[in-house]
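One structure is given here, and the rest of the page talks about it.
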């Protein structure tokens, strides 16, 4: 039995609110149950130095948590003077995942800055961030097309992410915080709408996991991501 | 004529939403028109070193802006590795203002950490922060009374804040961003519900201001703050 | 009775020594009683990036205290690796105040760097800094005229600053450290020689203050600043 | 055909030299072809604050590259004043992997600091680091047993790691730099000597990967890790 | 011929002003010609962690330059967020030199913090700092004896320092900035009043130097330091 | 008697291994007994800003120690976020010494970055670094001549360094850690193959030293450096 009473393959309520704030070219509030993340996509002309003159664009991501998005207040990274290792690891993952969704040549020498800021955390903030950010990214690309900043749509495919894990010996989908903090294995999966894998990160937290457990988790992830991509597309159709 | 069409003494729509996020002892979303700030008050046992053994409590504040809360994306302070001067100045102001609302002896050796995070900016973020944080503070103090962390209510008086200014030669209340960015004078005022001043910070942006202009701005501030304190009290009564 | 025996409207001895050090274009030692600050104005061709090509100049300020300028030794900010919030707040105030004294268009694309370094502190270091720096600024502008770096004098008006406060219930002028550390209200005022206000920053330290108290403090400030501006002009005439 | 002429399932020459430097309790030079990493395990009494009084130990890891371990010289992280995201991500991975090899309760309130410093890089530095560090860790645990710092051997199982990938459409084992820099997919796998997975991190670099590709990579990893673990055990038997 | 017209073995005017600022236990303005440094010695109970419980004291030093103490304005180290290598090198030298002047056991578990802040630079700031700081140190030790913080005088011997060099082929004493910036060799010497060497640091700036040149420079340094120690003792006798 | 049983004028075994790592233009492992340092010289087109357009080149050096190169593990500077004063002092010394070996005009607008990384420390790491780095530098200059990056050989003369000291009252050559940590005086000497001095840094650790002691140490240094330069030249001839 899961603490939330969900079945093993049941997602939390997933909500995607577009245009959540008014300044960004793409701005989404994504909610996976009590996990809430503001994802913005900001369009900027020009690219980092290592890409200048190549004709290619760039997508980069930053991630943060409000100090009291968590059960206990965390120190503010801006005030401590550096981002922690977990933050850097997550924002590198978000950036890699979203770059896989876009044709950098078609993007031209433009940069899209993704910001994912967790306002309430209850497990799965990195996968929620990728899921919400991909919707914000589509809005930003639409903006660029309207403004004639790109000639053709640089979007390759929708991307979504979910966490799966082994909890009390059984594979489960979309772990919330009570599950996440005591799972034996934790795995984050990023996939495309065509079913290809972009990223698979499985970690044994309490005991090594087997190939069979891994396959069971991947199957759960695949079905969960299919559901989420439907929700992304529905939100974008509104 | 003000860009928003408001009269000189008219506030923007002010909304105060309590329990906006679930983890903090006090959590408020405060909105002044399009300016939106999440204010949380986090209770922590113990005090900073300089107060240990004094029997007195402490209130401290931190302030941040989401990178795309503004028209142009700002660099993330956590990633640049330091908080800017403006941020530090604002969070020092918020901390001072809220300390003036509480009897530190009655608070006992406990600390309340105030976090004000701007998710959308349209002028007046520091005064909105103080206004929202004071409501979150009251909720945190109620929590402490329920948990018997304090013997008697340490709250002294409600505090609210507003900006006033000289815009195109006339005193106006509650400047939004278009006004703020071209005002001749900008003044932030913090007052108690008894009409006492906690902080007055007036700055000539384009031209020196006169004592009469200052008095006119203070009168506007006083009436605006009275209105806001009504809204705070109404929110707290729900 | 004030600890120093001064009357409520009496300044400490104010001394302004020009050409205090030999390298800077403007270099002043300013003393308000035992408070001693070295203020230099350094002329530099060029402006920060945000002003390039606008034809306008810039004035910026930095503030520091020698570690043992205070009763207890303070940690050296250079060694701690960052400037504290108080330092940043003060240097932002000094910069704003001095920019109000100069016509940036007439300054052309040149920068004046103000440095205010407290060698001995006894209250009122920020207002002494503004007062001394304005004299150093005039010397730097004279240097620029001699060197034909500007066509016409960019100076608009003399600026001076003073602190006032409510000490033991009474408004007093020019607080020294014993008064400052126990005042109920502390207010810093920056004015022009024409009597216009550049900055008014009043803070309730122990109790809210009333509008009447504010007016009384402002009247003291006005008369004190008039006296100080006389001394600045006398120093500049030598 | 692989650039090195190796078959798809062929490791580079792997060498493990124990007691490489003289001060550390465990000190190993590990070589995977031209990739060379010095791995030390340093024993320290006491644990970080969050474990004090729990009776449990801790293992933590740091990773670095000499500036000219790479084709182009990289800036020195100590001189830039911070470790990059890649470094933090890798050292978090190394620490997690090695903690999975040890029973923290049996370790008692002691800390083992793992340092992995790359002196020459040619692909696969993070997996070489884990492989070498596990040998250094065993030496450090032997030291602790000799010194009676632990009552029973805290070692759970040998851990080794290898990278696999899809290179020009085919799964290959142990990518060197020329392969790594143009692989379609890159996957790092950490396993125990009992064949359990500790960590699986697969990343699509150029195109999404399929489940079949993933399974093929995992099979390669399994056989490679078996070979490596033989080498670790042989080195430890000398 | 030296730019200043001095003979090869002639010091600049050296002035030592005690009690230059009022808060420090020892406070000296030291002048070597146009080089002016404020040196303070601050007494503090307790010692750094590595000395706790040893019964020994500690002396440490920090060095800084006001941004416009130099011909061109230098960036403020506090604002850049770190002390440069030159600063650290100098303050390590000052600390070592002054520790050689005091019996750490007799000092007991107390710390003396030396601060040397250059307000005007014209060559030789590090040697002027050591010379002035030693006088401030004596005043601080006298304070400690008066306050019964030490039982017997911990002072071992007077220390002074001077720079010498090879300028246009000839050995000269006490280089000013015009000499220092074009000398072939630069040497800083710290000696005791008994003629023992504490530190000798010779650096070839333009060409290697010979042993004979070194001996000539050392002879100049010896006679210069004798003169300076007379001035220190005279200042302390006043 | 020296702890190692060496005579007063006896070097430790000195080994110089060229081409120690494969990427750098010059790469040397230098060993003085148990002290082992990897020295690389990296060639880079272009110069720092202050030399642009002058036609001159630059040589700069960085120094680091692996955390467990020492008896007790030291904190990693990259992780603490800054290089310590000792590190900066040493790398400044290495840079100065090597710049003295090269004609900067003949080097043209190219930079050579020297990296000295201590993998095992047993006293004398800074002098071993200079000695090894000079050999790596020669290899880098040969590379530049082959690649036609310079027209004529910019090398001026071989440079080597050694530490000498007063240990238990007697002058000794090439102190190892047991000697270094209890010597009365410690002196580092850098010389050219023509017998000129580049740097002499003598420090009284426990007692002032006399001119005679200094001369005795210098004589030891001279003979030791002659021996070392033979070894450098032999290594370069292979």
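Of note:
As written, the chain order gives the labels A, B, C, D, E and F, with residue 1 at the start of each chain.
Keep in mind that, in the parts below, a contact is a pair of C-beta atoms (placed from the backbone, for glycine too) under 8 Å apart; a residue touches a chain by one contact, two chains touch by 3 or more.
All figures in this text were calculated on a predicted structure; none of them were measured in a lab.
Interface matching across C-E, E-F or D-F places the copy of A-D, with more than half of contact pairs shared by residue number, at E-F.
Taking each chain's centre as the mean of its C-alpha atoms, chain B lies 50 Å from chain E. The mean-CA centres of chain C and chain D are about 58 angstrom from one another, to the nearest whole unit. Shared contact sites, meaning residues of chain A that touch two or more other chains, fall at 81-82. All the chains close into one ring, and from chain A toward chain D their sequence is A, D, F, E, C, B. Within the complex, the chain B residues that touch chain C are 82, 85-86, 88-89, 91-92, 96, 100, 187, 191-192, 194, 196-204, 207-211, 214, 218. Chain A contributes residues 21-24, 27, 34, 36, 38, 40, 42, 44, 62, 64, 66-71, 73, 76-79, 81-83, 87, 113, 115, 117, 119-121 to its touches with chain B in the complex.
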